[in-house]
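Chain naming follows the written order as A, B and C, and within any one chain the residues start at number 1.
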């Protein structure tokens, strides 16, 4: 059960309501007026709780579950918890997520310290602050900035001069925004740093030192983007660094200058995208992947975790390895190397 | 010699006292009343300083050392510095560490800016603040929080609503804590971010966008844990993310939602632990290791640096590679691949 | 065109002036009095703009470019944009960078929120603050610190007790400095954490816990160093962690205790350097490289992206792989493994 110290619960709701939100059907004669007061997993849910059952590997947990209602698929429904009202959907996890939102309506909004009275924020008089904006204690909002309606600036966050933040955005604590334009509905988790200088310099052989190349581009973050804690995104050199609409970027990702990320990309934790890479729509980069600079990744391509990509990846291709290659080829080579030593042992 | 600008020294102490703290024996007729005023390494230590000699590879440095007293092992004692009082222990580095604590008693406490007068912190009136708590300038402590006796909240750190911090904890500057319960004696270095939303979403094909899965769990950090700078720990989806007692987590580690880390684990810098991994007690994950989601690592297992772990690792096993395999197998395969090209060169 | 919201432009300038700054020659009878008002890339530049053309792969873009003046090399000049005044230099990108500095003279200085009135910074009365220093809102400057002339301390940054910052340094927002001495002309981007405890402990078998080894060294950062966002640098155990003059360190780099980095090293994003490594002058560590502890990298050596270095690397050597080996050997082995599966397919 979610800890009431942190999460405020709505409800209870009737099973009938849950079915309506999720488009679920309830086979046979079941009690759709049963009251459900919370969400939980199969193991911890009580007879007052909604759980979900997705994947045959959880059949034992489903069999033992005490949950009061259970979202599952048609094919798994025969193995659903015995005492539960069974609700049939195509994607039980997605449906459960919708129900969980109804029980915890604030859960789509990052936790905030904004119930402080807001004093102690530093807001430049030239900043344009929208309606319903919350600026938490210790935040700094610079000159010439614009903060859209209902957006929140987390405690200790810094919004640099000229930065534009759209509507319904949420900056967690200790975020830094510089030289960027942020769309609407964007979530930036704690410690994100956007818009600092890219890593650009040329060696000045006369002075015997690296000379900084001026970084004159911006970072453009489109609507409905979520960026994880301590991720860093450098601004462009001449053109902009661009994060497309609907992208989901995890914690500790590094995005170099001039990178263009398409729409709805998923970038998992600790990925590094070098400067000037171009990433198509719907690309998935799994954890700790590294991309060399100037690489192009086609739409809907997928790069497996820890891969090192040095060449362009065609649309829809799945690659893996260091250096990355088509994923089947990667596994064939892994198997071939393994046989080398299998052979050695046999010959002894 | 530690810089007095940053570190306050106690002492001098007599060799006799050092021996007592560390359980050392002093063979032969040595001057146990000799005064020692500081600690140093073999190379820089003067005749007033204590050093330690561990590992035969440092025999030359020991031979040349001017140190006044030297902690070493029985077997190395014949090669100990000629002019030094020699103290025999099992583990010279551990003994030296105990002595260094006595010379620098504050060194177990992270450096703090708390000698500022504490003004400029934002403390919600509903926060429960223990005895002897220090909240540094610019820190923000939210509503409903509890800060245990003698804990310190670093400059610019943010403690979100409802968060509980135990006794004798030390948060460095610019730390963010949200939706978490922290035990006692916990050290959180600068820039740590704990308790933000995990990386959870489902694709909503009607809306054509990724829909956020509500993250309703917490982060539980047990007693005596140390967490390095800019490390990120996401809160759980329904259950909690758990960091077991006595864990040592280095800088820039990423820990996903629902991860359970056992007791006394060592997690080196830049490791990424994906969601729902279960890590047993006393596990060591070396630098830049990546774990796929839902992986179980048995107690006392070890994962070598940079490995990518995609399957469960049995208790006590040592694995390495990408994908990770038993460490001997890894090295056999490395050797086999090397022979492939040795052969090529020979055949030319 | 750089966004005037963020970047203030000087000029216009005549081509003659650009040639003088960059040492360019202008072959034939060209209009050196032509006025140039901005910088841009080949694609977006208008007839009022300067662009550069370096690399035959950009010949099509050069052919289509509308730019008013173009920096290029002798050998590429035949393919330079038809309508442009052509300026010949050895290194077009470096020359363009010099010109861009002239058009945007503030671009060498990180963007700052310092146009706020500076209230709300916490400055200990014992701090020595130089002439022309700017301390932004929400910054905390501890006791016994020294901030050199013309340096800027970014919003929300924390300068711990005793820390020395030289002249003309720029700390971005939310930086943490502890137990360190910083030279002049140093740039620290947002979220950098310097000087926290290194990852040092010994197992205390009596207490059954890891015991912290006191970290009594400092971090010394020499002149003209740039350090990227959210990078972490631990202080030394007994000796200092040292960052040599002129180093360029990218975002999210981890540098362990007692590391010594030579002059002018380039350390790309997400590199991890374990404790006590010694890196010579002019070394390049590409993205996501990991170094085991105590490794020595010789001057001018290069480590390719994602490599895992477990042994010393001789001066000037280029290595790659996991474990890292000479780069030619790495590629030979990659080819040999590939042939293993090529063979398999042929035999079917």
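As a working rule, contacts are C-beta pairs under 8 Å (C-beta built on N, C-alpha and C of every residue); 3 or more make two chains touch, one makes a residue touch a chain.
The structure displayed is predicted, hence computed values, not measured ones.
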item: Copy-to-copy rotation for subunit A and subunit C - C-alpha atoms, rounded to a multiple of 5°; value: 120
item: Copy pair subunit A, subunit B: interface residue numbering same or different (half cut); value: different
item: Averaged-CA centre spacing for the pair subunit B and subunit A, given as whole angstrom; value: 28
item: Touching two or more other chains - residues of subunit B; value: 120, 138, 156, 174, 191, 230, 252, 270, 288, 322, 337, 340
item: Subunit B-touching residues of subunit C, taken from the complex the two chains share; value: 120, 122, 124, 138-140, 142-144, 156-162, 174, 176, 178-179, 191, 193, 195-197, 199, 201-202, 204, 208-218, 230, 232, 234, 238-239, 252, 254, 256, 270, 272, 274, 288, 290, 292, 308, 322-323, 329, 332-333, 336-337, 340
item: Subunit C partner contacts - residues on subunit B that touch it in the complex; value: 2-3, 5-7, 39-41, 44, 91, 93-94, 97, 100-101, 104, 107-108, 110-113, 115-116, 119-120, 136-138, 154-156, 172-174, 187, 189-191, 224, 226, 228-230, 246, 248, 250-252, 264, 266, 268-270, 287-288, 305-306, 322, 334, 337-338, 340-341, 344
